[in-house]
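Each structure below appears as structure tokens.
You will see subunit A twice below: alongside subunit B first, and alongside subunit C after that.
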Partner chain A sequence: MPFDGFMYPNEVELQWSVLIVVYPFLTGLVAGAFILASLERIFHVEAVKPTYRLALLTALSFLLVAPLPLQLHLGRPERSLEMYLTPHTSSAMAMFGFVYLWYLMAVILLEIWLEYRKEIVLLSQSTTGLKRQMYRLLTLGSSNLSEGALKVDDKVGWVVSLIGIPSAFLLHGYVGFIFGSIKANPWWNTPLMPVVFLFSAMVSGIAIVLLIYMATCKLRHIKIDMRCVDTIAQYLLYTFIIDFGLEMLDLIHRIYEADESFHSLNFMMQTKLFFSQVVLQIALGTVVPILTLGFIQIFHVPEKVRKLCYSICGALTIIGIFAMRWNVVIGGQLFSKSFLGYTTYKVDLISREGELIAAGLLLLPFIILAVMVKILPPWPRDEVSAAD
Partner chain B sequence: MITRRRMLFLLPAAAIAYPYVLAGTPESAPNYGSAKHWWGMLLQVDKCIGCGNCVRACSAENNVPEGYYRTWVERYHVTGGPEDSPKVDSPEGGIKGFPPSPYTGGKNFFVPKMCNHCVDSPCTQVCPVGATLHTPDGVVLVDEKYCLGCRYCVQACPYGCRFLHPVKRTAEKCSLCYHRITQGLTTACCENCPTGARQLADLKNPDDPIHEFLRTHSVQVLKPHLATGAKAYYHDLDGSVR
Partner chain C sequence: MLNVTDDFPVMTYFCLTYKAARKPGGGLPGVSLATFKDAEHIVRLAVASAIVLVIFLLVRAHFIPKSFGQYGHYRGDALAELTAKPIHYAGHQTCEQCHSDVLDVKKMGKHAGVNCEGCHGPQAKHAEDPGAGKPVLPDTKVLCARCHEANLAKPKNFPQVVTADHSGGEACKTCHQPHSPLLAPGEKKKS
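After this line comes the complex of A and B, so read on.
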């Protein structure tokens, strides 16, 4: 029997698979990476400048892949366009398409284009053949590089960034709302869900940009800007503390309130979710990075050790946030809504919603990023020539 | 004014939109006035004997795939006070009836379950394309030509009444035998219940015996704290039933 106790007969089969874990994980990385990029643009945190463009390209790479797990998960994927044509306005999910399009078209693409317009125009003049055609296409017919035009680019880019911050909040807060508004499921049903999703998104986005930046420096044989990574690590610590605080508030509230679902959820945390929640998400994915990053803030740690710590903390953070998404999505379906039984999730290796596809979807953004970095190098011009 | 140029734009748009317009059109039922009815169901726990006739009838009438249930029967065994967890089972949704209870002492009873056709149904609220809909006569239906199969409705239903049809890949649930009740018939489960534990109720019909029953008996709904406006009214429902 795949379940213990009593499940409603239709509940035995889990409805939302690992792909629905991948979806909030990817959108979280998008929102987080964008917010890190806006630190430089809006809040003038000069130290993180080396990661500004990289963060934007990272956000776009993950954003392009974000709807794929949803599309693959649909029972009738050929009808997905109906969400745009006849959206049901009372549905939180119906707004996904619009929030997504807004974020993709009005924020990320526009900001990247404005940021790169000067380079694109110069590349369209200095390259030849197909490359030239591609860059000419990317200029969208706007090849004016006068001082006035570049000033306008900068101003509009700033405004787009400014609009982008609440949009990033909207994108991921909205994903949290999809879960948090389901009153049938006490594991999900909390008004804190959008806020927790948002802060965990920021944590994961900052961590992924930190890791990608350090990895690209290593690949390009360029010295890591320690001022930059130290500042990013600082922001990672601050957002982590808020995120952890919110998650603990949610947990303490549930324990203290102890409503009818408490015994069921408590049992789950001690058994089926013990490894993914207590070990991976809380201990390894949150407490260890917070303590390590906190230690680096207080004590003097040599540069080499700091680099190693940042790499380990970044990786642990990403694993921890993925575990968090897993615990929300899968954990929320492991117990019966009768609170009398528990089921098990067995993920296939090869199927439309299997492990292989999920792994492919997690890798795909990195491939897209690698291509984009080739087309639109995010490094300063002098670094590009040094690396070449 | 519609110019030739506008017409050129409008025609393809209309062609794209037409199937979606058709998909939202309910099936026609001549001589049936949906505004004259408001359907619900009365389920009398004290009368249910757990024979499984209702589950079999529903399955046959609606071609319910094996292993999935538009309706099912649960058997409760309760000892002690309400703080004790009840022992519940529903082997294959009760489609073959129930084996003898392994428990002695306490009380055993059967609870038939189905879609509650809620007035404020969470499943309708969350459907991203409106494929789950309220009919004017109070029935919650799924338009299988329109459903995306996203399963948000399955998550939103507090009663576990929905599933994804394994072949159609769309959401499925009890339709209150809408194809029958709009022809003046009762539902398959009600028709086949040997003890009258299930009774279709038309709350807008003043001659329906449901009104007398509601006046003279105590009835409850499942999970009332969720305020879904459930219209599956249970008589003699034990507090332990989830």
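After this line comes the complex of A and C, so read on.
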């Protein structure tokens, strides 16, 4: 039997599969990467400048893939467009469609365009053939690169970043809201959910930008800017501490409140979710990175070791955040609403909602990013010209 | 007269520089016609966005069915389409007009509240023209288990059996009359 104890018939089989784990994971990376980029811009943090454009492109690449797991899960993807044609305001998912569209069109694309306008204009003059046509289209017919024009870009870009931060909060807070507002499920139903999702998103976004930046430096045989990665690692530590604090707050609240679901959820954490929650999410994915990053803040650690630590912490963080999404989405469906039974989730390897597809969806953003980097090189301006 | 290409950048630019102007040492940068020209690409973007929006609205107008929203958040025509579908179920009153003998048995027994077509399936065609063909009789081994197979999720007071133990694979009708299940086959209720 796939379950122990008493399950209602509609609980034996999980309805939300690993793809629904991938969805908040990807959206979180988008929001996190973007928030990192905007903080640099709004607070003028010079040190992390080398990652600013990379973070924007990363956010875009992940954003483009974010709705795909939902489409695959539901089937009939062409119907998803109907939510833009005849939206129903009482549907949380339909409204998410608008949050998504706003974020894509009004924030990310706009900011990337403004940031890259100079390059686009220059490239439209230096390239040939089809590429030239593409860049020319992107210039929208204006090749004004005067000082005044660039100033306007900068100012409008600043405003867009400013609007972008609450938008990114909205985007991922909303994903948390979708879970947190399900009142029938005690594992999900907490007003803290949007906030916890938001901070875990920032943690994962910062970690992925850190990893991608270090990887691109390796691939391009360029020295890693240590001032930059040190600063990012510092941010990672701070957001991590807030995130961990919030999650512990949620936990303590549940333990103290100990409502009728507590016994069941507690049992689940000690058995079915022990590995993914206690070992992966809390111990390896949170405590180890926080301690390591904290250690680096306090003691002097040689550069080589620091780099290694950052890579390991980044990877552990990403795994930990993925485990967190897993524990929320899958964990919330493993126990019976009678609190008397538990089911199991078996994911197939090859099926529409199987492991292979999930892995493909996690890989796809990197492929998109690779293409994007070719079209819009994110490297600092002086570096590009130096390489040419 | 409002001139779009000239006045819009003026306004945009003024809003944008206002913030800079308030910063110490910022001051309002030279507001000349040349600086307004510098916002031209923003205007182009605004126009491009407006075009995309208009296209979207046109597409939307084209794709939303005419009768959408007539009665509620759905296609009004859907109602007419649904009523136009052929009827599959006749309803027990119709069956009982011709099969009053079955009704007489059934209404005294425990299946009084179970409808004919709940067991016999949709029979509107047969009810309309009985000569067209006899309905296939249901197989009691399959049919009865559908409702009576024991399951924890069913209400406790609903009669349930573990069919494998209860009948050992035998058809239920060898011991139960389908229309009045507490009667043995051939038995008649004395009223």
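For this structure, a couple of remarks:
The rule we apply is simple: the second predicted complex is superposed on the first by the 379 of 388 C-alpha atoms of A that agree within 3 Å, B and C clash if a C-alpha of one lies under 4 Å from a C-alpha of the other, contacts with A are read in each partner's own complex, and residues count from 1 in each chain.
Everything that follows uses one rule, which is that a contact is a pair of C-beta atoms (placed from the backbone, for glycine too) under 8 Å apart; a residue touches a chain by one contact, two chains touch by 3 or more.
Since the model is a prediction, treat every value here as computed from it, not as a measurement.
Upon superposition of the two complexes on subunit A, a steric clash is found between subunit B and subunit C. Of the two partner chains placed by the overlay, neither subunit B nor subunit C lies in contact with A:Glu46.
In the superposed model, A:Gln15 makes contact with subunit B only, not with subunit C.
Once chain A of one complex is fitted onto chain A of the other, the partner contacts of A:Glu303 are absent, as it touches neither subunit B nor subunit C. Shared-chain residue A:Phe6: touches subunit B and subunit C both. Judged by the number of subunit A residues each one touches, B leads among subunit B and subunit C.
Contact with subunit B, but none with subunit C, is seen for A:His73 once the two complexes are overlaid on the shared chain. Applying the stated contact rule after C-alpha superposition, one finds that A:Phe339 touches subunit B and leaves subunit C untouched. In the superposition on chain A, A:Thr86 contacts both subunit B and subunit C. By the touch criterion defined above, A:Arg117 lies against subunit C but remains apart from subunit B after alignment on the C-alpha atoms of chain A. Overlay on chain A, subunit C versus subunit B, candidates 133-141, 151-159 or 169-177: the clashing stretch is 151-159. For the contact definition in use here, the residues of subunit A common to its subunit B contact set and its subunit C contact set are 6, 8-9, 85-86, 88.
Residues 6, 8-9, 84-86, 88, 110, 113, 117, 139-142, 144, 146, 148-149, 151-153, 155-156, 159 of subunit A are the ones that touch subunit C when the two sit in their complex.
Subunit C contributes residues 12-13, 16-17, 19-20, 29, 34-35, 37-42, 44-45, 48, 56, 60, 63-64, 68, 73, 151-153 to its touches with subunit A in the complex. Interface residues of subunit B, counted against subunit A in their complex, comprise 16-17, 20, 24, 68-69, 72, 74, 85-90, 92-93, 113, 122, 124-130, 146-152, 154-164, 168-171, 226, 242.
Those residues of subunit A that touch subunit B in the shared complex are 6-11, 13, 15-16, 70, 73-77, 79-80, 82-83, 85-88, 90-94, 96, 178, 182-185, 333, 336-340.
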